[in-house]
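Order of writing sets the chain letters: A, B and C. Residues in each chain are counted from 1.
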Amino acid sequence: MIRAAGTGLFELFEHPFVRHALLAGTGIGAATGLVGYFVVLRAQVFSGDALSHVAFTGALAALAFGADARLGLFVATIAVGLGLGVLGPRGRPDDVVIGSVFTWILGLGVLFLAVFTTSSSGANGAGSVNVLFGSIFGLSASQAATAAWIGLGVVVVVVAVARPLVFASLDEPVAAARGIPVRLLGIAFLGLVGVCAAEATQAVGALLLLGLLAAPAGAAQRLTYRPFAAFWLSGALAVLAVWVGVLVSYLAPDVPPSFGTMAVATAMFAGALGWSAVRDRRRPAGRVRNFTG
Amino acid sequence: MVMLADGGFTWDPVEDVRRLLEFHFMVNAFRAGTIVAVVAGVIGWFMVLRRQTFAGHTLSIVAFPGAAGATLVGVSPLLGYFGFCIAAALAIAGVPRAGARGTSEESAVVGTVQAFALACGFLFVTLYGGLLDSVNSLLFGSFLGITDTQVATLLFVGAAALGVIVLVGRPLLFASLDPDVAAAHGVPVRLLSVVFLVVLGVAVAEASQITGALLVFALLVVPPATAQVVTPRPLLGLGLSVAIGMLVTWLGLACSYFSDQPIGFFVTTFAFAGYLLAQVGTRVAGRFRARGARTPLHTGIPA
Amino acid sequence: MNGTSPLVVRDAAVRLGGRTIWSDVTVEVGAGEFVAVLGPNGVGKSTLLKVVLGLLPLAAGEVLVCGREPGRGSSQVGYLPQRRGFDESTRVRGVDIVRLGLDGTRLGVPLPARFSARARVASRRVDELVELVGAAGFADHPIGALSGGEQQRLLIAQALARRPALLLLDEPLDSLDLANQVAVSGLLADICRTEGVAVVIVAHDLNPIITYLDRVVYLANGSAVTGPPREVVTSGTLSELYGTPIEVLEASDGRLVVVGQPEAASYHPALHAHHH
């Protein structure tokens, strides 16, 4: 990984690795932020957690077999995403079963990691750290472009289905009665989350992608009650977090970019939580529930 | 990876055990593994019963920046493990319902906290110049280089935690199964919750040192869950949980030593296999039973 | 809205899981009428709604909504399913929930009112609806923070968004306290009158709504009786319907109490093979 301590801010853009990072990061941030809004709305953060384990194992499996990490990454996350969708959010078995399955998947990934590390030589250590914690500075021009295009594709799809997805997420029985294919939409959505997980792994790594899915969306939801405003805001905040992470890491090369991104995203969420707590105190809190029992 | 066993696995058990214990670090590994398996087996049994597996998972994630941070500042990682895990346990205890999986927003908060904790751990490792191996062993476990001090600490702290459990075992069981009735009987349910979370923090810190921060589930959740699938009876369940944990750990250590593959993989695989076996076994046994099958203890959070 | 009745049900029967739930059900609901579907638990009241929504097929007879077969997504029918209310942490405004009723099924994202005439029209319609249901005071609040009665009003507004001829509500009152039950019932009756919408509600307690009802469909024992409430809910009519002695008593405050009805849940196909 080539890094140079920055002396001037505009020098930033002269370095190809920075340009690539920002290009990929914008696509990844936009996709993850917009999709993340729905992940939080639909209370499917746990699925993101599961997908992060799968992303890790998928990428390392590909590396262990000598293929491009992204191949294993995307195949695994999309397949499991769709699988989770088919299994259904309601019929979710208890946390012990789910946790055991995904812990085992992680264990499998550790095996692939060992195989990968011993099978080849040289910068293997870097390969697996990249999968774990991201490698946004290590992208070539074509990799960055691919990431940006995939990100754009995800953005187009999620914007197209945004309205029916909001309806189906908030008010499923009525949406179904209105002819929205809620089940199909739910499955396709989780497939989309899989794609985002794979994308985000390149930027912040499998272990941290949950934060990029959850924190900007959580912050946006706290900052506004208008669903579509929160939707766009979530995307913008995610892009901002990635950009700041890249910037900070450029200026202080000891700080990994994924840490910077996560720190910013966490700060956004914490700030939004604090601000909304203050705002809610001014309005009479609590509700008068008339529900009996 | 260091080539540990020359010649690998023979099929003579006596010879294998001798070679397994040939080196002092392996003896230590087995000692540490056994202690951890016992502690995790007991405390994990209560955790699964109380449906706090999610809290346990979050606590284990915190172990990573704890150990890495300690190394960065130059103190013993043990301090980092126990310090961070216990502090996080108190934090969870301070926020009501923070241990259970709640609304979508709570999930978003927990997901963010987990990711941020891992990011911090990564930062610390990068700052002290740790290589992949550091990250690897902190996240996925390692049994190399366990010192006598470490074994002694694990034993001492683990015994203290178990002592607490033995002391409050019965009221804790009561409060876990039926908090409202227990409270009516004068059991200090809230205090016990806090005490238990701290003890859980200790168990998590111990288990992380063998399985790594990310695979703690394999010792802390899966063997107890397996035991609870087989029997709802507390003493039998506790014993079974510990036995399964020890078996899984020993087999994991042995396989890892002889095959040179990571211990995390073996421990998770054996634990999971045991769980599946128990599930299948009880279903098959249930069909053969003459009277109505006894329903096993429900092990998870209801949907 | 054309000249045909919002809802016509003729000799309808439904089978689920090999069992005939009810049969020979006939009712016609005209514009602006307020009709309740009553009966014990499990008898198939919600099933009737699902048939009208086009979610379940008929085994016999016919159902016509505004002269046509029931179809999913029909804009002639507004629907309020049975529910327990929005989660407290749902951070979406009441008006946004209402707006979903208007264009929530269209792809894409809504443009801000400033840039689109269509959005301005939609926004005005939402304001109209909010006024209609008396929710102007709290519609801007996050729906999770509102009380049960307030949420129900907004959901009714949502169901009315596309000016349906028929409004179906499944047990809209069951999780409300008495005051809110009366208020929401009154609101529904007003809507019938002023908007000319036919309202069919499933209820298990007749009393909060009896003064507003035009007609009642009483489902029991696999069949139904239709007519004005005071004619249907009588000892004679119900005894005949159930096939066992039923008493309808009038309490001192005028409320009707039905005594002796077997809960459909206790009905076991093997034990009552001769009933259908």
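Note that a contact is a pair of C-beta atoms (placed from the backbone, for glycine too) under 8 Å apart; a residue touches a chain by one contact, two chains touch by 3 or more.
These figures come from a predicted structure and were not determined experimentally.
K.L.:
Taking each chain's centre as the mean of its CA atoms, which one is most distant from subunit B?
P.N.:
Looking at centroid distances, C is the chain farthest away.
K.L.:
Which chains, taken as a pair, are joined by the highest number of C-beta contacts?
P.N.:
Maximum number of inter-chain contact pairs occurs for A-B.
K.L.:
List the centre-to-centre spacing of subunit A and subunit C in whole Å, with centres computed as mean CA coordinates.
P.N.:
Centres of subunit A and subunit C (C-alpha means) sit 41 Å apart.
K.L.:
Taking each chain's centre as the mean position of its Cα atoms, how many Å separate subunit B from subunit C?
P.N.:
Centres of subunit B and subunit C (C-alpha means) sit 52 Å apart.
K.L.:
Between subunit A and subunit B, what is the separation of their C-alpha centroids in Å?
P.N.:
Roughly 28 Å, centre to centre.
K.L.:
For subunit C, give me the residues that contact two or more of the other chains.
P.N.:
Answer for subunit C, listing residues that touch two or more other chains: 88, 91.
K.L.:
Provide the list of subunit A residues touching at least two other chains, using ranges where the numbers run on.
P.N.:
221
K.L.:
For subunit B, give me the residues that contact two or more of the other chains.
P.N.:
Each of 103-105 in subunit B touches at least two other chains.
K.L.:
Residue numbers of subunit B touching subunit A in their complex, please.
P.N.:
That would be residues 1, 48, 51, 53-54, 57, 101, 103-105, 107-116, 118-120, 122-123, 126-127, 131-133, 135-136, 139-140, 214-215, 217-218, 221-222, 225, 261-262, 264-269, 271-272, 275, 298-303 of subunit B.
K.L.:
Help me check something: in the complex, which residues belonging to subunit C touch subunit A?
P.N.:
53, 55, 72-73, 79-81, 83-86, 88, 90-93, 96-97, 100-101, 103-110, 142, 144-149, 158-159, 175-177, 179-180
K.L.:
Once bound in the complex, which stretches of subunit A touch subunit B?
P.N.:
40-43, 45-46, 48-49, 90-97, 99-101, 103-104, 106-108, 110-111, 113-114, 117-118, 124-126, 128-129, 132-133, 207-215, 217-218, 221, 254-256, 258-259, 262-263, 265-266, 269, 273
K.L.:
What part of subunit A is in contact with subunit C in the complex they form?
P.N.:
The touching residues are 159-164, 166-167, 170-171, 173-180, 221-222, 225-228, 230-231, 287-293.
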